[in-house]
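This report refers to the structure that appears directly beneath it.
Just so it is clear, A, B, C, D, E, F, G and H label the chains in written order, and each chain counts residues from 1 on its own.
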Amino acid sequence: MSQETARAAQDGASPVVGIIMGSSSDWDVMRNAVAILEEFGIPFETRVVSAHRMPLDMVEYGAQAVPRGLRAIIAGAGGAAHLPGMMAALTPVPVFGVPVPSRHLHGEDSLLSIVQMPKGVPVATFAIGDAGAANAALHVVACLATTDDALQQKLVAFRERQTEAARAMRVPPAPAA
Amino acid sequence: MSQETARAAQDGASPVVGIIMGSSSDWDVMRNAVAILEEFGIPFETRVVSAHRMPLDMVEYGAQAVPRGLRAIIAGAGGAAHLPGMMAALTPVPVFGVPVPSRHLHGEDSLLSIVQMPKGVPVATFAIGDAGAANAALHVVACLATTDDALQQKLVAFRERQTEAARAMRVPPAPAA
Amino acid sequence: MSQETARAAQDGASPVVGIIMGSSSDWDVMRNAVAILEEFGIPFETRVVSAHRMPLDMVEYGAQAVPRGLRAIIAGAGGAAHLPGMMAALTPVPVFGVPVPSRHLHGEDSLLSIVQMPKGVPVATFAIGDAGAANAALHVVACLATTDDALQQKLVAFRERQTEAARAMRVPPAPAA
Amino acid sequence: MSQETARAAQDGASPVVGIIMGSSSDWDVMRNAVAILEEFGIPFETRVVSAHRMPLDMVEYGAQAVPRGLRAIIAGAGGAAHLPGMMAALTPVPVFGVPVPSRHLHGEDSLLSIVQMPKGVPVATFAIGDAGAANAALHVVACLATTDDALQQKLVAFRERQTEAARAMRVPPAPAA
Amino acid sequence: MSQETARAAQDGASPVVGIIMGSSSDWDVMRNAVAILEEFGIPFETRVVSAHRMPLDMVEYGAQAVPRGLRAIIAGAGGAAHLPGMMAALTPVPVFGVPVPSRHLHGEDSLLSIVQMPKGVPVATFAIGDAGAANAALHVVACLATTDDALQQKLVAFRERQTEAARAMRVPPAPAA
Amino acid sequence: MSQETARAAQDGASPVVGIIMGSSSDWDVMRNAVAILEEFGIPFETRVVSAHRMPLDMVEYGAQAVPRGLRAIIAGAGGAAHLPGMMAALTPVPVFGVPVPSRHLHGEDSLLSIVQMPKGVPVATFAIGDAGAANAALHVVACLATTDDALQQKLVAFRERQTEAARAMRVPPAPAA
Amino acid sequence: MSQETARAAQDGASPVVGIIMGSSSDWDVMRNAVAILEEFGIPFETRVVSAHRMPLDMVEYGAQAVPRGLRAIIAGAGGAAHLPGMMAALTPVPVFGVPVPSRHLHGEDSLLSIVQMPKGVPVATFAIGDAGAANAALHVVACLATTDDALQQKLVAFRERQTEAARAMRVPPAPAA
Amino acid sequence: MSQETARAAQDGASPVVGIIMGSSSDWDVMRNAVAILEEFGIPFETRVVSAHRMPLDMVEYGAQAVPRGLRAIIAGAGGAAHLPGMMAALTPVPVFGVPVPSRHLHGEDSLLSIVQMPKGVPVATFAIGDAGAANAALHVVACLATTDDALQQKLVAFRERQTEAARAMRVPPAPAA
């Protein structure tokens, strides 16, 4: 598995979250997930794992998810987006899916391809695009925080800052009457 | 909070999962989540918490989620489904949303009202209806299992049985040629 | 409640209409509501009240709506737009919802999240975007005018001017045959 | 205007709300609006006014709305639903539109035909079907209540009963484990 | 009726087709209908007739359609597009509707608001935008041509030229292999 | 062309309207067009002409439409509904398309396949299902009536009866208060 | 691979077409593909291969497709339908996808999940439901027939019978005038 | 048939694949199919064949497809896209349809007009736009390869290169923490 981007290794920690995507063109959306995990100091790795062009690598990635210690997989894909659902089929590690906007149908196809999973194999699905990528990561943080008090405090602080930022918003003055 | 259904208390355990829904009419869908948690022996509680008719109870439920030890909240609602997103706004406990099928638009409104959350406040969303309710619970099990080896073994066994059941499926014989 | 924009106070009048929105990024749409209320001289205030990032402020805003003398609340939000519906749950003051266009689904998610409210908690919903914001304000004017003869005369005059403006429209000449 | 159903006259009061619909087949939906107005004791009248089959009656109804003292018009229609929008064009009395479910498109056509009004002529739109009809009436009550303390008290009491009814909801027991 | 654009009068002929639209902003689409009628030498007039801002002018236009000798009305509108359907209600002259693209929903609202008319009051509906405007005019030409041999010959010749133009189309050379 | 249903011949008149449909299963919808033409005494014929299973018959039908004296063709089809558009390509006789409801997508596919014709080849499209079939026939009547005073009088009388029938509609009494 | 339904073996021929589906509940749709292949005497096999519950069996099925001599795979699935696309990723044997109608979204999710494949990995997609299953098989027959003259003659004869059956369709008599 | 682009003739081979499209404006999408066939050295021809403007040419093209030795037809069209389905009706040669994006509805109309064919006349449908055009050609290659070992080897090699290219994808470095 030499081709992975071992970003997580920078501080010597094994990744606990895998961020995978169907193509490098999905990066512009998925970087929003990266930004959140970095902000919370969660060790992670990023990989291109194409369900359709690299199906056996995908199988291998799924098979290794538990042994390698991953506790969550964030998977983004667009169009007939099969990566999140297939990863969920290949590992008991919980999968968090991000519908990447598609060229012609605005991500509606991506959303339905990810969220409408059959009973038995869940994918936790988030909003189309940037907001969904960030929120998938935030949801992973929230899950990890349920057994990590320090992380929970960070999360609570993050949300308080977010609330303060919203409270500080001022709408522009109206045009003179 | 006397009106809760303290089903979790049957075996003396405090609930770790709250299953809430906007109306008792959502039960037929949400029972699929209950069935999964029972199968895995996860202590849970069930409550009707209407975002629109009981907003202050909803706020209180959110405020108490961490102190009461909840580690996940499964929220089902239909139409302009605000319960999952509002609960996500009210507690750092991760929220898992279930779009309940609506009368006229088949749950498409429920799905969009739950999944399209803005950056910063995630709701993990699942399929419309029964499959989504079961899968929300299975995803909670998977999250809890990342720090609970016994539960992880149960989950792996569940999935193996599921695989065997699928493998055992036989399609009916064709009509005589 | 020091962070409100007390635009209404400019002429010493208490606001009778609250214009709230989920984010300062909604301003470009919601300013169309402001322009109408200014044209009719209705005292109003504008506030960012995020349902998801400031839920307790939202509860407080709802609780104070009647005591503060608000007679209408215009609420704009996009995506999984919960602000109008939650505000309607929190106060008997009538709520007028404006679906703000969303990035990927063109406001179809915003529209369904606002209009498909369950029986018992109404949100009067208007068109997606600028037209909806202006029309929410015009509808508020029409409601207020039912007990205010001067305002009714202003409204009738406004509509007459509007009719005259439409009547004065000339379509360009055709290209030479 | 002899063909109107002078239900309001039962107690000698002039109607303050007109409930109109495009066809008698819309009654099954629109009766939900009637039930609310009766519960609150608001004098009203009901009429079939077809935009497409009785356009001149519709014009006349609009012209008489102010002189006859109507303070709100609730209009329901399905498919290419033009009645609410046209009535809004014909009178400054505020119009509250109800999308009646259509046979093939489930009321999505009705909804868009009513809500997507151009800037300048508002229709306050509510959910498709029964919920929308009830909520249109409740919104009218809320508007009228802003200048009628007794009605406001009734509305607050109605909402409190509604909250209590939701709080009293119990989800059925789970199937034996 | 002084405000009409009496383009038809240029050659002394009374208009046999009325082209009406809800706003001067619809011109860019509706000019495609004009171009066809000019090409075929059909006397026509163009008017802005806003269903929502000029409802009584619309009624008058409908009432005069037969006396003034109109044999077809082409009506374009966008969003909650009521002009074609209302005109069809106001005159037995056949109405040809053009869905003008809307800002947020791409004309899907315009299309449904025009095509989904109830039994009894037809609007012949064409494609969204430029193609629909041209085709509405071509359909009018085809209807008129059924009792006008010279026009029928022109139409056949138009279609033959159209066929030849399509036959002459060459696709660009492929990039060098 | 022996397989046609020469219903028109009953009174010795040549058909002026052809009603064609893609399958005999479309009859239940298309009979609504038949009923209108019978009511107005317009000579017509009905035929199954499947674009996909009988393409050469379709071509022949188109080629003979003018020589046989047809002045309008009403074509109904469902799903990927190509019959109306292809017939419009094959004859200058105006084509009136009826989207027959489809099994899975409720006629939305039928509607788009018929209405979204390219510039140059128009199909006048009507509502999905029964209403559309009746209205296609009524529109044909209106077109024919522009050069037939007796028919115009019948049409005006039909519409007056329709208006009277709508005016006579009474909504049921409300449940006792 | 003992669990396969070796229907093809009945006449001793190795299957050239694999018909696979995500669940035995898809049989009611997929039997339409079986009926066509039987009619044309194409040796085939049927299997339940769940992408989500049996992913490794799916991988194995794909790996064996070429060695086992399959020349086409017909794959049916519903909801987030990943089986056709994943099979296309796992073998160069051409895959023909059938969207099985889903419970809540009528197969729209199934269709988009199958048809919107990224560049490089094609799935030939057919209509939702029964028609799509039959047509997938007919398309396979047509592909095989391009190198099998006897099969081509059978196909031509099938289509001629189909044309004759359509030509023989008579629409019911109209109700008495 | 002098107007065809006899690109295939460059190396003296008769075309085995016909690539047809409704207009020269479809070229920008359909060139993606050309590029694939060129890469695999499959003799092909390209033609504009408009179903609506050149219906008789279309019939002729279909009639000649078998005699001229075509083994596959790739047909692209947009909007009410009838070319693929009609070609499928006119020849037993298998047809592969490409939905070209439409101006207002993003190709959703094109997709439904192509994929929702009735039982008996199949069109193998691919994704909207560029990906669909390339994939239609790849699917044709895969079908041809089932009886051509050299082509099968080329296809396997193409897929291996594609897999390697995906494996080589690196996501950009994260912004500095």
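Keep in mind that, in the parts below, a contact is a pair of C-beta atoms (placed from the backbone, for glycine too) under 8 Å apart; a residue touches a chain by one contact, two chains touch by 3 or more.
What you see is a predicted model, and the numbers here were worked out from it, not measured in a lab.
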Between the pairs A-H and D-E, the one where more C-beta pairs touch: D-E
Recurring contact interface, reference B-G, options D-E, D-F or A-G [over half identical by residue number]: D-F
Whole-Å gap separating chain A and chain B, where each centre is the average of the chain's CA atoms: 20
Approximate Å spacing (C-alpha centroids) for the pair chain E, chain H: 35
Chain A and chain E, separation of their C-alpha mean positions in angstrom: 50
Centre distance in Å when chain C and chain F are each reduced to the mean of their C-alpha atoms: 45
Junction residues of chain F - those touching two or more other chains: 23, 53, 79-80, 105-106, 108, 115-118, 120-121, 123, 127-128, 131, 162
Chain C residues within the chain B interface of the complex: 22-23, 51-53, 55-56, 59, 62, 78-80, 82, 85-86, 88-90, 102, 105, 108-109, 112-118, 120-121, 123
Of all residues in chain D, those that touch chain B in their complex: 101, 106-108, 127-129, 131, 162-163, 165-175, 177
Chain H-facing residues of chain G, complex: 32, 71-72, 92-94, 96, 111, 115-128, 130-131, 134-136, 138-139, 142-143, 145-147, 152, 155-156, 159, 162
Chain G-facing residues of chain F, complex: 3, 5, 7, 21, 23-24, 27, 30-31, 34-35, 38, 46-48, 50, 53-54, 57, 79-80, 103-106
